[in-house]
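For reference, chains read A, B, C and D in written order, and residue numbers begin at 1 within each chain.
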Amino acid sequence: MTTSSATSGFFYPRTATGRSSIIPNPPWFYSGDLLTIEYRTDPARVAELLPAPLGLAEEDPGAVALIWADWQSCSSSREELLDPVRSQYKEAFVVVRCSYQGQTYSRCVYIWVDKDFAIARGMHQGYPKKLGSMWQTRPHPFAQGAPQIGAGAAFGATLAAGDRRLADAVLTLREPSETNGFVNGHPMAHHRIYPDIAGQGDAYSELIASAGASFEGGQAWTGDVDLRLYDSPTEELASLEVDEVIGGYYRQVGVVWNGGTSLERLV
Amino acid sequence: MTTSSATSGFFYPRTATGRSSIIPNPPWFYSGDLLTIEYRTDPARVAELLPAPLGLAEEDPGAVALIWADWQSCSSSREELLDPVRSQYKEAFVVVRCSYQGQTYSRCVYIWVDKDFAIARGMHQGYPKKLGSMWQTRPHPFAQGAPQIGAGAAFGATLAAGDRRLADAVLTLREPSETNGFVNGHPMAHHRIYPDIAGQGDAYSELIASAGASFEGGQAWTGDVDLRLYDSPTEELASLEVDEVIGGYYRQVGVVWNGGTSLERLV
Amino acid sequence: MTTSSATSGFFYPRTATGRSSIIPNPPWFYSGDLLTIEYRTDPARVAELLPAPLGLAEEDPGAVALIWADWQSCSSSREELLDPVRSQYKEAFVVVRCSYQGQTYSRCVYIWVDKDFAIARGMHQGYPKKLGSMWQTRPHPFAQGAPQIGAGAAFGATLAAGDRRLADAVLTLREPSETNGFVNGHPMAHHRIYPDIAGQGDAYSELIASAGASFEGGQAWTGDVDLRLYDSPTEELASLEVDEVIGGYYRQVGVVWNGGTSLERLV
Amino acid sequence: MTTSSATSGFFYPRTATGRSSIIPNPPWFYSGDLLTIEYRTDPARVAELLPAPLGLAEEDPGAVALIWADWQSCSSSREELLDPVRSQYKEAFVVVRCSYQGQTYSRCVYIWVDKDFAIARGMHQGYPKKLGSMWQTRPHPFAQGAPQIGAGAAFGATLAAGDRRLADAVLTLREPSETNGFVNGHPMAHHRIYPDIAGQGDAYSELIASAGASFEGGQAWTGDVDLRLYDSPTEELASLEVDEVIGGYYRQVGVVWNGGTSLERLV
């Protein structure tokens, strides 16, 4: 038998060069705009999304953040920035908080992206990524067809998947804000899972934590929110009904992600 | 026979309300970023793209501009900005100059866009729009995954159609520039055509001129250009071979378009 | 001034070779599967979509056909069939009937497609085409993941545009049918329009008629219909409310289209 | 601390109902058309893609199959068939053979699909799926715009990813064939991997085997092949150079997949 090879590559497909890997080695670098809407839903709906060993956060356990992000991202080589089909992507995601061993974590319970490299990064980080179609208004220095970040600026955001609109929102900025919301402000506690190939539960399940390795952000703004969620046979976002809007936020940020830590190996 | 209706709408489909029209009434408002590369090709290749009554421009007749644009646009209602699937689009287009009755005009000879409303606006304005996939690096205030407009910043731009790459370019900014190029600087002279339904030439053909009704622009930058064109069975961009690069430019702009004028009715 | 060229190409962009034209010369050849749902709406809603000189059909003037089609198409060269990104497309369209000079015509009032060549063919033929996302169940010789045309087979069909679901339907076949419906059975009477570049109404408007140059069809089937229409800020399909379902039909067909005739030049 | 929930769902995201899972429980059912091209490349290029504990197949170790598939698929509920955006997808994939403990297996080394549920099924089955754009000529009962399976029929197939064409092929059928090729004829031996969240190699790696739980196929045809591979900065398909074409095949099939077996837990 021929000796087998030492294939390389951070993730699949692994080859002699590693060049084909759907994602490069971390660290990963991101510049983008975040539109965040926070609201309260029935905490029972949040609890249903927290498998063991997680529980509801102690304070404000029904708080939900629905976040749209318009990203440009790259690896250390920065080569993706010059072939931007490989660096630009959009996403919308839903974050709740949870408790693990007395600590509060954020947790992404639903997320949609529009590129495969983003799905693969999500696999690694424990974000439950599906494909969707997300759009959010962009600010621009010239006002003919764009708002500029400041009082009165209106930003729209929409989310669709499976050819159905799942959510749309309008955020009208009112004033600078000391925060960009609180729901997505903790380290993320995510399950990474791999179902058993023979159908016996999971072959692998691990609770991991991760956070940005570094972060920069511009002035956050807060404003008035108009939010609508729509039902779909394959999605449960609309089950997180909007009982009360907490706030809406807009912020431009730069982030580096460089791995996380294992909290607990479950399988 | 029942009396027929007075349907309304700027373009098709026309209905009682006009709400379904693929495009709203002008004026149309645009904010966006332009990445322009100018080069010289054999003037014979340009002449082939200038039907009567147009001729080659007198000076520098082989000059070509290949322009990428990343737009957000809307009508007077600005409602499209809040449902941005209806306002954001990208395009790449090829502009040459031509002469008509002693005047120099710009003329778009090839163009690809990624939304249907952009195709319909092009029908009206005489831009020969096809669908394509265009990407260009975006500047952002945070540098983790983005350049910032200034010396040394590198912007990539790519164009594909029919699942084939047609062009890619890298522009590395060097210094501020007094111009954003000269090829796309004149009013546009475009043919609008409608082939005869019975196959006898054209049922309608008109040479029209149009330009922006108003224009604002930031500081233009110029830089070094790396440009590659690729062949395709259904496209002729690569026939406009790059004999000599003239320059590359980057500029953020705001534009209003509000109709044009008929130069000559040909059919 | 250099002499201008004789550019060629059926439609834009015209070049020395004509190779870049978004669509080739007719005749155009089509093979595909049609899923048709016919229903009655308020005839006033149909009348609103019939501009002069058209009026309502005398019999059953509120009849509407909502048709999904899954096509493979080509020019006489058949070269598109070997690069099928250029030959396959899907569409959904709404047909009513109308009266012109005592004759009954069919008329497409709304239509969505998923390729640019289909949009351009629609421009020529007077179909008011927008981009959409259409899906319809495909029959297949093996039943693991597909119905086979016959009693009990269920076919789903969906339509979305602008990231919103506009319609979905299920047709469950019951028995062979002598017809494939009657609403789309006449020559099409379509307006072809070009708004004036200076904003003064239309520069060109013509009422044309066309029909298939030849047609072949398999056994039509009829069945039970479940149909839902959804509202959208940019579409008026849902205004054609379903008062009564007439029938549903499934048929595989082959069609040739080779031009039409002018009924009346309006502008 | 509130008791955590028992979430359900075959794969992520897990919820109280399991309805949101990106993929349902197996078994999964498929009906589709396969266009297969087999050729020989340098066995060293194949060996590079076989990590431990796999080795080259003993016979014809440089044999490669490049396969396009046009699928409709569903779960046991068959509900996806009536919302076909959830059941139809296309893929192109590259299969080689390998040896493990004296047995010959097939192994998918590269694969591109166009839906997220297909990516997730690939994660489970160990297929290294990326997003791509695949097209293959469809047969149809009416010949206006389609071939019919039989002598002389020509089928085109194309593959693109990242806005670059990676492969295109034309298969012209010549005669019925006893086989549909041999490279993809063994059980699949795939690595399933999960990189460690802290960057220390893999947290999970398992070699699994799987095959169809049941299979039906129509008459296979063989024919003449024209195949071209194109380079890309992010793909290595073109490194599997075509030294000699073995054959081309076309077959319609129905398949059920219902899990596999673990060969070896590596991490």
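Please note the rule applied: a residue touches a chain if its C-beta (ideal position, glycine included) is under 8 Å from a C-beta of that chain, and two chains touch if they have at least 3 such contacts.
Remember, it's a predicted structure, so these values are computed and weren't measured experimentally.
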The larger set of C-beta contacts, choosing between B-D and C-D, lies at C-D
Determine whether subunit A and subunit C, two copies of the same sequence, contact each other through the same residue numbers or different ones, counting it as same when over half of the numbers at the interface appear on both sides.
same
Tell me which chain's centre, taken as the mean of its C-alpha atoms, is farthest from subunit A.
C
Give, as an integer number of Å, the spacing between the C-alpha centres of subunit D and subunit C.
35
Averaged-CA centre spacing for the pair subunit D and subunit B, given as whole angstrom
40
Would you give the residues of subunit C that are in contact with at least 2 other chains, written as numbers and ranges?
83, 85, 133, 135, 158, 163
Considering the complex alone, what residue numbers of subunit C touch subunit D?
29-32, 71-74, 81-85, 87-88, 133, 135-138, 140-147, 154-158, 168, 170, 216-218, 252-256
Mind listing the subunit D positions that touch subunit A in their complex?
1-7, 10-17, 19-20, 22, 25-26, 43, 47-56, 58, 61, 79, 83, 85-86, 99, 109-110, 115-116, 119, 123-126, 128-131, 162-163, 191-199, 203-204, 206, 208, 210, 233-236, 259-262
Over in the complex, which subunit C residues touch subunit A? Could you list them?
133, 135, 158, 160, 163-165
